[in-house]
């Protein structure tokens, strides 16, 4: 059963993510740029943040009758970026992202991503699964996705990362998803993929430090457990949050059931975060995100 | 304890709600209008609907340094409305809505609205409580809100409605909230307040027709109950939905507990809907709404 | 990748579901029965319903040191059932249910069940997938579950059902799960599987009658969509509800996105309902269920 | 408008909360005790915890035809407690708890409790509001609840606590609810009210240490905020959790809106926790609770 992804027969669209400090005239300039070149705005979402004085914008327009080539669009955007001092990112719906999933032994998050992909729910292609174990090879195989086993030697992580980087480069990957990948990536690796690695981890109210957090949650009698998907930064599990969700638990749930509920949350939250990223709905600003829903 | 509402010391803002069929150039024209007259866009939210070809927009800009008077803004908007065939509504943050609450005997929704108002969470003034019973007079009195007892004679509803209309006119009311008001308003009354009357009612999966819906829900063993806030139209409980929410129930909940949970939902959903309306986040199109969150 | 299910190395437990009218002395008699024969109560959940005068109970005890054989337990229960006029069902944790999944072309619910099964989250064995199409054969195959293609001829449904019944009998199935199976089972089939067929369908507030409910929901601007899992009875989609859940939607969700969110709800709600059934947490009384969470 | 609370005309019931280590025969003994003395079990909820070997039980039976006096019930329970080494608590539905609410200046939690009480949703009487400020006196007055202003001198907290303790004793209070009371109670005060003081505080994923947590949450871009109600122990905000809930937030919510949503959560979660406590659904074991829903 091979994966097909979504149809690409619809006319292409351009999605622009922008953040800047002084927005005076920006919206007018961008709207005018789209309009005068024959584009139609499909979605626009703008937010001025009182606390920081920052301005954020997501703009999506159709390219069916757009008069400019992509090179011309790019040049025009560079000029606007200088004029308004913008941080910006421009993507096209017909240039699909290529995604690699890193996994270890736990299959649930990997399955959810592969299934979402197969159902055409992700605007990107799952190019590659990389794992430090061989266990999940049949899972990738079932969905027709290439699987690479890259063992990680605790004494030479650099070798494994070099192999991973080579595979990612060969496959043209631009997003790495850690689907319960139980190895810590080096700061160097992380630095080469800024806002391009998504991780998932459990979250609790209150937070539990140390090992066996679900056992701690059980002993503490929490009524809610959660999961958080975030971009990976050099600070462990402290990167910009993309999505969070929780579910209720009670004393009737033993640790195994807490783990099961946690796993269900993890896969749902991770897949949602990946979908938001691939739809270019996530704008990173400092150590946080705006998600344009 | 008198109510104070929110501070109005912040610079005024204008909020524009727009819907139209052909949007080509509209965003550019509106952005240019705001920009060239010295306004700054604070929030903009645009949505093109594939299914209908309609375009919806909410635009909010600050008026601190705006060069046009309100009469001039109004004239400019009229011109744009003709040019783009717009349905539109323009409001100013310093012109506060005046709200009347209609209630009968159940106090929970009325309390929630009065409390939200007192906490400064509603961008409008509760001008008046009208009830067909005297029971809730002390509730309004406690919050310093005028209370009018307008009995409804089943054989002469028109007399009661005439009194209500007079009271609303005298108090300059522009939004009526039915907070568990147990009388059905006449088609004429409803027609005079289009998208200006908000009602709350219970909702179930599946729906239960007829009397005592909570008893039916109990007998049917539903696992979820809900509440819906909507604008009142001539078709009973079928107007445009503003907000819905649900809560879980189980066989342990007897009918009284279902009613309690339903009441908690009702007050939360109704107050939320009123808040959204007063913040001009609700755009009505046909028999539905967009709520710009 | 073959499925393994949960480990069965833990000592067996017995689970008793009981409903009756007059409970006087029942709990004492059942507790005494477990105690004097060397059992330990692990969970007990009792509920007396004021509205109906009915009494419901779920009792689970360990059999590690229990002095009675299963034949003796059965005989004792029969005597108690006569004495207290009980409706009852007794199951053992080491006698695993055998489940058949009926599917058509949509894979999402089938995947979710197969994955939950493989992760050891279902207390039963997926013995068989039956489909009126061949499309999902590789899905069952990947999880090592037998797949039978049983085409349904619109002019001779009885033939298909006869084949299905034979397959179910051969495989020793005691629960049928309709995972978006797009054929209506005959009243005869349904009658032979009372409280033994679980179905999933979408639910809306308000309900939408007729075709294309998601299109209707879009046109109506609902803010919440839901899904309901229930036992199948002769009355279409009106059987006892096992589980319901909802998710929020907005005007930003087009019909495709509503369908995607609905599908996510469907698989979650259906798998949850199946898990509850297999853990013997669901007690049917009339046209509703108690779910002992 | 005076508060009336719930009707007490229904026959009284007894509610027993029990925890113990070895439960062998306990359920049989308790069921037999209720049965042979003419009682009917209305609800029973038992849970054996694998992780700790502990057993927990909530048992509620009607006293309409019960043959024993309360002194006799008490004596019988003492004997059972010795025999089975029980931690236990027995309460009667017609002996209503008396509740004191401590508040400062924020009215939202106090209003919610007073309203729930007036609607008859709390199985206890609000005897007294104590505040270190005079601001909320009219709120208590409106609901006909006594208000005592007890200023707290930062240099002599002991004097204030002595006054508070005297007022609580005079009013026969057995539960103290801290409804955003902005003073820290001394360890001595807390020790005299074990599992008898309920507090509410905000909760975040991740947790934020230090001042202005909502500002930190805004800067960190969290997608969910929460609130936790717990019993107060000598360790600040670390006592047994009774209830938690969360709500979604986004970049569109400024700090004021986060505070508003947080306040709405706080009042809902606190009132729910108080209701659970007053219905004797909360069993404390070590530093956690079981809540029998």
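Letters A, B, C and D mark the chains in the order given here, with residues in each chain numbered from 1 onward.
Heads up, the rule we're going with is that a contact is a pair of C-beta atoms (placed from the backbone, for glycine too) under 8 Å apart; a residue touches a chain by one contact, two chains touch by 3 or more.
Keep in mind that this is a model prediction, so the values were computed, not measured.
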**Message:** Of the chain pairs B-D and A-D, which one is connected by the greater count of C-beta contacts?
**Reply:** A-D
**Distance-maximising chain from chain D - centres being C-alpha averages** = A
**Inter-centroid spacing, chain D versus chain B (mean Cα positions, whole Å)** = 35
**Prompt:** So what's the Cα centroid distance for chain A and chain D, whole Å?
**Reply:** 42
**Request:** Provide the list of chain C residues touching at least two other chains, using ranges where the numbers run on.
**Result:** 43, 47, 250, 252, 293
**Item:** Contact set on chain B toward chain D in their complex
**Value:** 1, 43, 107-108, 111, 115, 118-119, 121, 138-139, 142, 250, 252, 260, 263-264, 268, 293
**Prompt:** chain C touches which residues of chain D in the complex?
**Reply:** 23-25, 27-28, 30-32, 34-36, 40-48, 293
**Complete:** Per the touch rule, the chain B residues reaching chain C in their complex are 47, 49-51, 56, 203-207, 215, 218-224, 226, 228, 238, 240-246, 250-252, 254-255, 286-291, 293
